[in-house]
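Presented sequentially are two complexes of chain A, the first with chain B as partner and the second with chain C.
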Partner chain A sequence: MGEPAIISVRDVHKVFNGHTDRAVTALQDINLDIGPGEFVSLLGPSGCGKSTLLRVLADLTSPSQGEVTVNGKTPRAARADRDYGMVFQQAGLFDWRSVQRNVELPLQVAGAPKDQRRAKALEMLELVRLGEFAKHFPWQLSGGMQQRVAIARALSADPSILFMDEPLGALDEMNRERLQGELLRIWTDVRTTVVFVTHSISEAVFLSSRVVVMSARPGRIAASIDVDLPYPRVAETRTTPEFFAKVKEVRQVLHAAESEQAPA
Partner chain B sequence: MTVTNIPATPGAAAPRDGARPPGGKSAAGGRPSGERARAARGRLANAFGVVLVIALLAGIWEGYKALGQALGDRIPLIGLGFPVSTDDLSMPHLSSIIGALGEPASSGDSVSLGMYLVGETTVTLREALYGLTAGALLGLALAVLFLHVAPVSRGLMPWLVASQTVPLVAIAPMIVIWAGKADAPAWIAVAAIAAYLAFFPVTINTLRGLKSPPATQLEFMRSVGAGRRQTLLWLRLPAALPFLFAGLRLAATASVVGAIVGELSAGTGRGIGRSILTFAYYYSNGPEKLYAAVLIAALTGIVFVQALAVAERLALRNRPTR
Partner chain C sequence: MSAATAPAPAATGRGARLLALLPARYRKQALPVAVTALLLLGSWQLAVAVFDIPSFVLPTPTTIVTAFFDDVGTIMAAFHVTVTAVLLGLLLGAVAGVAVSLLLSRFASVSAPVLSAAVLLNCAPIVALAPIFNNWFGVTNVMSKAGVAAVMVFFPVLVNTTRGLLQVTPLHLEIMESLAARPRQVAFGVRFPNALPYVFNALKLGSTLAVIGVIVSEYFGGPAQALGVYIASQAALPRFDYAWAGIFVSGALGLLMFGAVTLLERLLMPWHASLHEESD
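This part shows the complex of A and B:
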């Protein structure tokens, strides 16, 4: 990748409960560069440190060692400038706010005037195809719709990066595949850089331009695999031999990394 | 009769994934109309229940009295006396209690007892309302303070708990004396006593509410660069609202009790507490007057709590039904 990295991680370690006998090395020797416009998935078994790495990037936790830059700044500065938007596994919408006012929230924090907020929120809701639900309340929506609202909310302050931690993890398979398609459509529309945490191989391959495979105990990057399937990817992409081949390749790397770690 | 069926906390957010498909025809932002009708039916059923309970209590009162009169206040075979004798002095007929409300408050008076008691009740309600307002504000401020300054919370909380275990009859005269020394009018002392009882449940419940948002929501606020103040204003306080109301309901009943007890200690000339004391003093001259005053005092508490319930329904109208 010739372009300058929008996210760069240098020699990052993260130890939880250091100085105690319950110390856990969640991340070890992490080095990672992500270029603008990439869709990178962090893939690995549960507990391998995917969320921790994402949270380090998002300044929701700080690394024990190492350097991280996001948009050429410290993660803290990037967070304060709303350079990234965040989507969690739980939509976490606020029950007492309408869908529209939920989407406005990042702009409200930024101090944007009311009419500007409203216009932007409606635009984002159109983007996730929920324009007609602006006046509804989150608890009136299905889980998949709530997650789309969460995506609209994450994008409303025009971040250049989108961090997503298993955002589709709580959905059933049907909804999940539909939302994967939606997500790619949105991504081609807004062209943000995406860092996407998942433990699903096929989800990672279908969505990403690159899959970063992690292994557990301690959490490390085992491999980085480019996914050269052309965009736009559609439902039929999942049935192509190229897709199957990629899934197979990633699976082999993942399993090789695991057996190397844990002699089970 | 008690209407204070108050859970300490509103239950944790129920899972509602995909439970409510949005009906296209629902009013803007409101609930689907079927749900609204169901809520209205529920309220009607509640009202019916209240009437039923009142009728039942009245029936028990009069039934017990009739039975006692018929048996000469003695349980047959066992020969034990009735715990409360049923003569008209101890247990006036409900009709004479209600009837007393229409008669002059005292002989030669132009004001009926009912009107008089309503007037006194207004005085008490005002004291209670001042006390509740002051107590709620103090309670809220303490909750926010405790949330943000953990050492204060650890240091002060035991004292607050202790303050609530000291009997009111010991505290009330002290507050009255302090207020007197400060040349404050008596109603201030009464309101202060009401506030003293009101702030505690507000603090405890609100603090729980402020801590109730799940990690995802708190981290979301952090991810958009929200500071403490914004997180408090837009996440923690709205999330605490149902908890605040649970606390306020406890505080409302407590503030009425505080105001009534306060009136007795402060020696104010007016108020329903004062009336109860007066009518107790002249009990043999008109027992139904005391019962009428107690009845009105009880109704006062109910009205107060109900008014609060209406406010709560309004404030939480857009929340999911639990």
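This part shows the complex of A and C:
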């Protein structure tokens, strides 16, 4: 990327329970630059530190060592400025709020006036194709619909970055593939930078412009692989030889990274 | 929301409309419950006749109903006095419980020991305080009855509300953190609404506790017209059919209070999970 990085991670280490006998090195020597508009997946086996890295970027936890900048600021300042939106594996909707009021939440917390909140929430619900469910309550929606509401919520305050931690992990395969397509369509629309955590190789390849492969114990970046399949990617993309080749390449790197640290 | 999702039953009239507001699980059971009650009353009536039980041991339901209509003016006046004390006690206990809980939840370190103490205190028979409250407030003062009810309501409300305020979904807190929400926004946006179902559970329990507290307190003396006083004095005369009429009305009062709280819950929390059964 010739452009200046929107996210930059320098020599980050993260140790949980440091100074105790239960110390866990979750991240070691992490260096990563992400340019504006990229769709980057963090891919790796369970426990390799993907969530921890994402939470460091989002200032939900702080690194033990190293420097992180988000939008040219500290993660704390970026969070305070609501530069990013976040989606988790569980939708985490608020039962007592209507779908529309759930989407309004970031704007409400930011103190936006009521009619502006409303208009923006409805626009976001149209974006995720749930316009007619604005007045419903979360319990009336399926898991996939709830996750689309969570995406609408994360985008409602117009963040320049979207952090997603296995957002489709709780869905069945059919819904999952459909939402992957939806997500790409939304990304093309809003043009945010996306950092997407997953442990699915095909999901990472289908979605991302770049796949960052991580290895476990300690969590490290093993490789960064550009995915040069052209956008827009559609259902048929999954059946192209180029797609298969990329999946194979990523799988090999992932397994190589795993076997490298296996003897230890 | 509720109007759209809950199909109203075919019956019309005020009673039917009130019934339609109740959660489906109560509505569906209305008929079986009524049938069971009728069967019980019928076998009661039959048993008294067949075994020739003397009326000072157990009067028949029809005698009780007759006694009720014979003395309906006095009984309803007594009902009015008692219901006032129950409502006042419930209100005071609920407000105090929620207020102390809000205070406690701000200081997580003290909340655990205080809660344990509350649970222990709640094991004590609080109605035993009735003579003391009579002494403090005066036997005819409504506060001597409402006070006992309030103390009985206070503990479950305190314990439950605190639970509701503290047992928040961690993900919800994390989402608020990612939005850089202020503590006040977390309190109003997450903790209070999360606690609401807990508060209502405590209020349902409290509504029946308050009735017990007031009636039993009135057994120790109270204003000339009060249900507990009426029951005790009729039993002493002895006019057991009239005493039983008073007992039935106390039972109806307990049901009424519980129903009112359930109705309020439904009106204030149309989203609540336990109210969703209509969807199936």
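Just so it is clear, the second predicted complex is superposed on the first by the 263 of 264 C-alpha atoms of A that agree within 3 Å, B and C clash if a C-alpha of one lies under 4 Å from a C-alpha of the other, contacts with A are read in each partner's own complex, and residues count from 1 in each chain.
Operating definition for what follows: contacts are C-beta pairs under 8 Å (C-beta built on N, C-alpha and C of every residue); 3 or more make two chains touch, one makes a residue touch a chain.
Quantities reported herein were computed from a predicted structural model and do not represent experimental measurements.
Undergrad: Once chain A from each complex is brought into register, does chain C clash with chain B or fit beside it?
TA: Verdict on chain A: clash between chain B and chain C.
Undergrad: Between chain B (first) and chain C (second), which, if any, makes contact with A:Val247: first, second, both or neither?
TA: Once the two structures are laid over each other on A, A:Val247 reaches no partner at all.
Undergrad: Contacts for A:Val15 in the overlay, against chain B (first) and chain C (second): which applies, first, second, both or neither?
TA: neither
Undergrad: So, A:Leu105: does it touch chain B (first), chain C (second), both, or neither?
TA: In the superposed model, A:Leu105 contacts both chain B and chain C.
Undergrad: Return the chain, chain B or chain C, that is in touch with more residues of chain A.
TA: Between chain B and chain C, B touches the greater number of residues in chain A.
Undergrad: Taking the superposition as given, does A:Ser142 touch the first partner, chain B, the second, chain C, both, or neither?
TA: Touch partner of A:Ser142: chain B, not chain C.
Undergrad: Quick one: is A:Ala170 in contact with chain B, with chain C, with both, or with neither? Answer first, second, both or neither.
TA: first
Undergrad: Touching A:Leu60 in the superposition: chain B (first), chain C (second), both, neither?
TA: In the superposed model, A:Leu60 contacts both chain B and chain C.
Undergrad: So in the superposed three-chain picture, is A:Phe133 touching just chain B, just chain C, both, or none of them (first/second/both/neither)?
TA: first
Undergrad: Show me the chain A residues, by the header's touch rule, that chain B contacts in one structure and chain C contacts in the other.
TA: The answer is residues 58, 60, 79-80, 82, 84, 86, 88, 90, 92, 94-97, 105-106, 108-110, 135, 137, 139-140 of chain A.
Undergrad: For the complex, give me every residue of chain B touching chain A.
TA: Touching chain A: residues 13, 16-18, 20-22, 26, 28-29, 214, 216-217, 219-226, 230, 234-235, 238-239, 241, 318-320 of chain B.
Undergrad: Report the residues of chain A in contact with chain B in the complex, numbered from low to high.
TA: Interface residues on the chain A side: 58, 60, 79-82, 84-86, 88-90, 92, 94-98, 105-106, 108-110, 133, 135-137, 139-146, 157, 163, 170.
Undergrad: For the complex, give me every residue of chain C touching chain A.
TA: Per the stated touch rule, the residues are 1, 5, 169, 171-172, 174-181, 185, 189-190, 193, 196, 269-273, 276, 279.
Undergrad: For the complex, which residues does chain A have touching chain C?
TA: Residues in contact with chain C: 58, 60, 79-80, 82, 84, 86, 88, 90, 92, 94-97, 105-106, 108-110, 135, 137-140.
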